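Labels run A, B and C following the written order; every chain starts at residue 1.
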């Protein structure tokens, strides 16, 4: 009976997933509505001149920020799902279930209605909305309701429902072309990615992912239940709030930049768990790489599948995510 | 006499050509312009590859005779029919930056209402100048025709067109003034729910210029109406247009028929018009104006 | 005099308004096999949670080896006292081996990276509890008895001086009940661990305990060696029904139910054998 030390396992997982991630990255750069292809991409990387010189702009100035943004968003949402599934000990949890997305959406819509440019003010507004809901969550769950771990979940669901109603209200009173902007943002929109946004999200993601990695053993212990975790020396309250804060920061920024993208946070952690086991020290890096690759892939499909224009990425993640999830359920049942 | 003139014609013609040619700017030269949002732009003096970021811009470019310079346009550009052959670059709300870049335009012409600011910024970050029009009303639309003419070195044609449109508008306005009263007009642009156009919209200006009183005039933007409100508004003329394809207009007319007390229904003045003419701030809008004038004041026949 | 392993002084506790424990005082000496019994709702589980710091008393004090419980940091406390919850509540997606290793957490750093020493301790704990052969099985695929032993293995990994168990023999059949109780005795005898366990099975407790505590309605009705606690008076007062107490040939007290209350106390009717609880 040998247990490979976790470091060895982590490195093995990374060795498996890094090529997948790299392949997704290259695919995302190579294909798109402006043409290109792997051959041209290779030539561009090698510094060789291209026959169609505008392709260099397309690869590096248009597609690169977009692909990077997709990867970061995928990583953030998958990590968010991982953390919430551990915190709430509920396999259906994902960042949106606690209403953080609802708050971010309200902030973003108000920003659009006020005519603010999407970056940075619109994003700030969305982020403020996300943090607002976290504050509300903190308030509600500090009340002693005797609901235990479900208190957090129920508060979140209620806040989410309320936010949904507010969003519908805002949509209903918007009667001009800003409506389209709102809807396209709501459905997830990576098409206007720029390097400043990527830089911001990269910084936030790097810090958050590192923090979550260091807290990953704590997440393992949380899974044992409140009493056991406490009796093993876990400072449960502090850990819960730090996890919540870090994840909300990361998810808030991502949602504010890219809109609402469902299913990634739900499906990715389960997939990674199925492949690599329940140890969060391995799952954190797995979700970063796997989630990133998945989102790049979905974005690529969103760009090249329709004959005209592009589908909203949020639609692709749901269309793939839902059947994938059902498939996972069946495998888990066996 | 003809014999002696003919040899002189050739050098004369050549001389004229040279003179004309000297007046034309060289390709590669740039100049500074200010778009309708007041932004300062550097644009090519004679852009040959232009992408139109809205269907209305496409129509105007063709109307000033520069349609052949368009290398890209938005998805629903269908007028004039030649526009259908131009490659598409997405919709005016969701522009495909990659495709636009791949077409290597020297200039993009967009519109403030609809084109996302972020998209314009992305294009400019790639070194593509974007001229943004802001046709808020009839006179601003005429100004954008003249501006686009200037951008594309078609000032003559643009001035001709704008002047002609101005005259037609003036004629409609004068005839409207000459009528005694202003009938209440309800302009329906949405089928389900019923949506009209209030103050501050193009349609409002059209109705008023055509000699009607906009029944939705107390509201701003695009208000929604329930059946009760419509009955109370009691419009005398109802004009229906809708952006959805394949909507059953007859069914809509019948829906109005449920309220025979509404003057427009009682007098049979519920009309359906072609949406494309009223949607876009382009020359055809004046066609729409004239149609509207005829519907509002049928008695004042055009000469 | 050595400080007691656990010294409880005038402890009271209440959930919201309902008082659960009132004025509880007792001592557990190091190396005791201490069993807490009492009817449902008497506050046994609450007391156990207080003893390992999961709950804070409203009044009174608890000292572990002379130092107040409230002053100890969580992790230090975890190295001192380990809690074994009921088997039914263990629901985690881990394999047995991973799960048992989690018991080393109080001795590890933030990332919980397992050293070879940790692995050795875990392996040894599994051998001790007879669960080594279950190493790669999933926790939720085990039987009740197996899972209970795995939980104990995890607690043993904590290398505690005090082991607290909450009804470890509930839902187990007779053979497994004996197995668990024997395991506790082995821990106590071989490693000097102080065992404190809550049980609903009075007779089983009497067979193993060195000292017992009888709780009813949040108060102590009796404390001391089994012979003093398993007595008709306190037990009938605690459980509120007629009981018969006798001593087995081995000297272990045993209580049995009296089926209907009209029998004279202490005498079974002629020809009727005792009813085992």
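Keep this in mind: a contact is a pair of C-beta atoms (placed from the backbone, for glycine too) under 8 Å apart; a residue touches a chain by one contact, two chains touch by 3 or more.
All figures in this text were calculated on a predicted structure; none of them were measured in a lab.
Trainee: Based on which chains are in contact, what kind of graph results: line, ring, star, complete or other?
Mentor: Graph shape, chains as nodes and touching pairs as edges: a line.
Trainee: Could you tell me which chain lies farthest from subunit B when each chain's centre is the average position of its Cα atoms?
Mentor: In terms of C-alpha centroids, the chain at the greatest distance from subunit B is C.
Trainee: How big is the gap, in whole Å, between where the Cα atoms of subunit B centre and where those of subunit C centre?
Mentor: Chain centroid spacing, subunit B to subunit C, equals 84 Å.
Trainee: For subunit A versus subunit C, what separation do you get between their C-alpha means, in angstrom?
Mentor: 45
Trainee: What whole-Å value do you get for the distance between subunit A and subunit B if each is reduced to the mean of its CA atoms?
Mentor: Computed value for the inter-centroid distance: 42 Å.
Trainee: In the complex, go through subunit A and note every residue touching subunit C.
Mentor: Listed in rising order, the residues are 1, 3, 5-7, 213-218, 220-221, 223-225, 227-228, 230-235, 273, 277-279, 281.
Trainee: Using the touch rule from the top, collect the residues of subunit C that touch subunit A in their complex.
Mentor: Touch list, subunit C to subunit A: 49, 52-54, 74-79, 81-83, 85, 89-94, 97-98, 101-103, 105-106, 108, 110-114, 119, 123, 132, 135-136, 158.
Trainee: Can you list the residues on subunit A that touch subunit B in the complex?
Mentor: Interface residues on subunit A, with respect to subunit B: 32-35, 52, 54-55, 57-58, 61-63, 117-119, 175-177, 180-181, 184, 191-192, 194, 308-310.
Trainee: Where on subunit B does subunit A make contact in their complex?
Mentor: Interface residues on subunit B, with respect to subunit A: 75, 88, 90-91, 93-94, 96-99, 101-102, 104, 113-114, 116-119, 121-122, 125-126, 195, 221-224.
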